[in-house]
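Just dropping this structure here.
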């Protein structure tokens, strides 16, 4: 069983930018932690970082053939990308939305996710752990 | 006389996703129907599917040199892509907006098209036939 | 097979008023073009122009007994007539909404159609041709 | 030179209903005062009271053939009748909007006139005198 | 003592259209039930169905001379007819607003009644029984 | 067959406070009138007055085991208590919302009921009689 | 009997600026026309042009001791000066609001007058004639 | 180390009401699952269900003396209880918000949590598992 | 002469929570200061802290029999409790609203008090002194 | 220690205008009461009335050199004068906002103070006493 | 060639107030820098600081006779002064709007400039340098 | 010292499209003018035109390693690209936003920049010169 993790735009800069908001860890550290938990939960985890909205749509559109679930941190696209929303809505595998920071404790425009209504659920505010909780949630869903 | 048809993001999945909204036909079937009608109307039809907003802008920007009109289904970008709007507004050939589903019978956020104000006109809600009506509209415009 | 065409308020003045918006053609010319296309498509077309909201409701309510489809240009009523919307929603035959001008390129209040959510689809912005495209759409629907 | 005065819905009840808002005078008294001022200003005044939106549209649409100007108190239709607005906008003679009460001193929804943007001007709040001032305004316009 | 019942636009189609919303009963059945309850409560009931906004205004304006109260289901006009609102406000007899369906459980735009603020009260959601409860309410008011 | 009547906060002060809005009758008088009508309609009526939102939720949650229907005047909670809305929505017996005053003729914030969308129907504006009409509506529903 | 005319900010530039909106006449020409009509109507007219909001408030506050009515064109202050509104509301003589251009045919923010609700009435859109109609309205009011 | 779990209003009815939204499991089953996971994670879990806003505030206010963290499903109060928000904001231990259903896939008014901005984070949409993920998140936070 | 002081939810935690907003003083210190000033002004002061909305309504409803005025800090309920508003509106003794912090210098949602329109007046932003100024205001009112 | 009191526009008319809102006392009476209380509290009070927004800004800008605090009733400017807000924000001495009437019990547009967020606090609704309470608040602040 | 620089209200306090927002430099230092750059660019620069909205209107209205361009920092008036907007719109010389701070990085209400739509352009956020860039822009415009 | 200039989507068409809005100059002419001014100011300027949102994010993310500042004309992305906003916010070098046209003099939706709040400053409306002023601003910032 394989699970796809999609990191949205600017997340390649984790650990360098705005560490008071996002923490000091890097994307590589998140991916390592996901790999470790994946082994523990006996699922294969594949992580990609993509800056383009179109590229993310394509990945989601194609994912159903290879993966059993998607964990996505849409980053800035969370708040306006109807294209990613439509990709998620049209996807036959469960999609879980995660956020490193608590998006509800930030600027007003970050309180709205256009993707959440078509995702299974959302985990927000636990730093790197949001991904790990999202992975557990995905595995629990697939076990049912 | 050549006419360019642009299919926006996620339309490559037609026939697989949400068939209660979009119908069972595939993108290939739309393109075949467009070719057939093109022959009948004596115009050459070229169709492309593009997921990236930037790519769509580039296609529209370059189209004037080769095509006499554009038929575009901007899909999710309909509702927020000012970039595509600006490409359409700056384009010297007529652009016609089409939608497979009736966007006014769906979620509130789909009722607004940022592109419609700069298109010649819009055809919405007739399934695959929206494209064919759009093609007829384009040919009629060019004949005037 | 008979198709009813309803022209809303003020459309009797086409060709006299605001020709930069609506064009120079008259209502009689539209009706003649509809008759011609109707013959070509082998459907009988009946067109009426009605100024009263109540009269339009009555026509729509009664149409199912005689007609197979309705093409309506609700004109100003497009933007607020819940009465016509309810008549359309309660009607057992398909209703297609057409507009001569591109309503999305005009004043903000014209961007919203209260009727579109209950129509099959909408054609907007192609001048007299919007009606003809609407007639084709109706015939295609009925052939399915 | 003839001037048409159109009284909108419910104005036939003037003098009977809500006299704290509209005053004690009747529609007949307004019409008599208009006749008297018309004679003084050497114009022929014709006044009609119409309850139906469609009927008002038809009167405005036809007025250009017989009258030189219209004075209209659209009453309740002031606030939502795009149909009357379109009739006024498409009319080739000047249209002046008048109100007995000060619509800006009443409920919020009465502060907006959808007709004012396409009228020549508006007179509001002077009781029966609003009509007389409107008639003077019309005659002054026509004299220019 | 006579009571006027006014059925607004499209209510003539009850029992034929959208029966999941409005139920299977017809307008004739409502009127029969009103007659029966009228006899029980010793009032004469007169019911009319009117599609035109202007006609409804005229009926309300004239009702005070013959009737002791009005029960009105303004149907679609509920949500925007300031003309009917003004007729009700100017009327010297009590007016009771009734709705077959629960308008608050339907589309957002049906949640607002422009007439309710000037009616005595409103009964909504009890199917045909809304009229009967309205009739009882009227009779109780008149008995006080 | 037993029917539960719930009076929301501050209704214990009826007859003492704001009698121009709520009338001179007391809660005891409403309850006596309900008892009398209950006997006539052959149902047992139990009435409680509760100030706390949580207490009202508990009563509604438990009511299904003993009562066949609920008549509720949520008073101030009408306008914001999603907790009571959820209790009503989750309740397996019909719930009818009643209001003494015409809430649509008062301050803007009283025009919205968050409970109405999940109630069977609403009766508003008939003074004490709103409860009696609500009781009749409940009994009629249960008889079907 | 004396009447005060107050011209608000920037009106000293009439005839020089934006003549497509305001016309070619100058403030001196308006004042001359007012004098002429004043003589005809047998009232003394005094006109001042003031750029400062505070100065206008002071003039209005003091006017009651000398003048019988005020005609004011608040110009830009129309749309936000609560200070002038309060001065008008507190003033014991009638105040009439006039506008040269049709403020409802211009930018959205010019459609709202914060002063109109406390004025007797408003005349808008008749060019220089708006002042003259306002003067007639004032004299008529004072004669009653 | 002890962790407090607070279930808000109406959650005592889980498994009985709206099982298409909330699932078939009962509150007792959630609590048993929390106990089991608590043992695994070596924390003591105490769960309470409270219907009253005031009671929830008191529990949160007092929790700091006995518990190391709070997991709260504020249910309906999520959307408006500033009182609970203030209790959470003033609390010296971390508070985690959980929801059984995906609140972003439900009615518009459920998309806003007034509590989320002052919680550490939020888990929404995973059914009973939302609580278990919340418990893991709490334990992970406390281990840091 | 007795005066009731009501402290709303979470105010029992003063001095422990968010001292940068609310200051370091405790509720006991406020009550002591009120007692001291009460003696100086020769009124008896009784203070209670209540977390429940229903309890606060009951206290206000009953207060008229024993107290001459109420000073209330509704805390979080300030912003949404129509129930407390209605209790205040229905109360026959004057009610004064006080706030420790300047609610207008905090989050947007704290700028609106639903209670202020029915209170005599409001004192906000002076820390513990807001209560003392409120007490003086109450005593001054009662002396008139 | 000197304290500056600034009375905004139109307050010179107190006692003459709208006495149902503002009371019968005059500005001179307020100033006398302030002088009397100032003597009692051992501070020197200087009061000025200013109609111009710019003049008020200048007074506030210069006050820090001579005064220890400012008490301001910005009157109509309360609701829109960002200029006065900026003067207050840039001022190094405490500024207290006072209102004679309860601004929250009046028109909607008076509920918002653009100045309150940068003042120390606000006293509203106690008539002339609002100034005296403001003076006490200022003296208490300065004593700390 | 002469250029007029207008500094709006409160700018005389630069260097003393809120230096974290506006910087430590004084108005005199800005004027000196403008003089220096003016000499370099061979234009004469005249700078004035004005607190009154009316005074600013008058300066702008008169400027065309002496100056070739205006550079204005409208300060607080930026956000609401339609009077200054109208003065700018009516002015025959180019007007450039400058801001010391980045108004888009401050409170929401500072994001909107009512003057920008009628200015040539805007420079915002570069501290004292915004003026110097504005001066260059003006000179470049005049050179064309 | 090197400075990166980023031109957003559709700017490659400058000089061909909508020249009444954007002017007749081409992108190559802007770049030449930037080179020339760069030499004068002794900085190296590198300019790129990018249509894709993701590509622009990547360029900004990587720029800090090679460039000292960024000048960006985000074109259509200005109004909605939170992705570019986040890239700018996370960037360790100063970013200056420029616009050829005066975005505040165009359609309402162009008045809002989601990027401006995280940029250093903005220059808008000076045609090609906006870039040159932006370059000067950047160099001045770096010199400090």
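All chains are identified by letter, namely A, B, C, D, E, F, G, H, I, J, K and L, in their written order; residue positions are counted from 1 within each chain.
Convention: contacts are C-beta pairs under 8 Å (C-beta built on N, C-alpha and C of every residue); 3 or more make two chains touch, one makes a residue touch a chain.
Keep in mind that what you see is a predicted model, and the values were worked out from it rather than measured.
Novice: Going by the contact rule set out at the top, which chains touch both subunit G and subunit I?
Specialist: Under the touch definition, subunit G and subunit I have J as mutual neighbours.
Novice: Write down the chain pair with more C-beta contact pairs when D-G is set against F-I.
Specialist: Higher C-beta contact count between the two pairs: D-G.
Novice: Determine how many degrees of rotation, between 0 and 180 and to the nearest 5, align the Cα atoms of subunit E with the equivalent atoms in subunit G.
Specialist: Rotating subunit E by 120 degrees superposes it on subunit G.
Novice: Going by residue numbers, if over half of the contact pairs line up, that's a repeat, so tell me which of D-G, F-I or G-J repeats B-C.
Specialist: Interface equivalent to B-C, from the options D-G, F-I or G-J: D-G.
Novice: Call it same or different for subunit B and subunit C: same when shared residue numbers make up over half of all numbers used at their interface.
Specialist: Same; most numbers are used by both subunit B and subunit C.
Novice: What is the distance in Å between the mean C-alpha positions of subunit F and subunit J?
Specialist: A distance of 47 Å separates the two centres.
Novice: Taking each chain's centre as its mean C-alpha position, how far apart are subunit C and subunit H in Å?
Specialist: Distance between chain centres: 54 Å.
Novice: How far is the middle of subunit C from the middle of subunit E, if each middle is the mean of its Cα atoms, in Å?
Specialist: Their C-alpha centroids are separated by 31 Å.
Novice: At least two partner chains per residue is the criterion; list those residues in subunit H.
Specialist: 52-55, 80
Novice: Which chains touch, pair by pair?
Specialist: Chain-chain contacts present: A-B, A-H, A-L, B-C, B-L, C-D, C-E, D-E, D-G, E-F, F-H, F-I, G-J, G-K, H-I, I-J, J-K, K-L.
Novice: Report the residues of subunit B in contact with subunit L in the complex, numbered from low to high.
Specialist: Residues in contact with subunit L: 52-55, 57-58, 61, 80-83, 85-87, 89-92, 114.
Novice: Tell me, which parts of subunit E touch subunit F in their complex?
Specialist: Subunit E residues touching subunit F: 102, 104-105, 111-113, 116-126, 129-130, 133, 136-137, 140-141.
Novice: Can you check the complex and tell me which residues of subunit A touch subunit L?
Specialist: Going through subunit A, the ones touching subunit L are 8-10, 12-13, 16-18, 50-55, 75-77, 79-80, 109.
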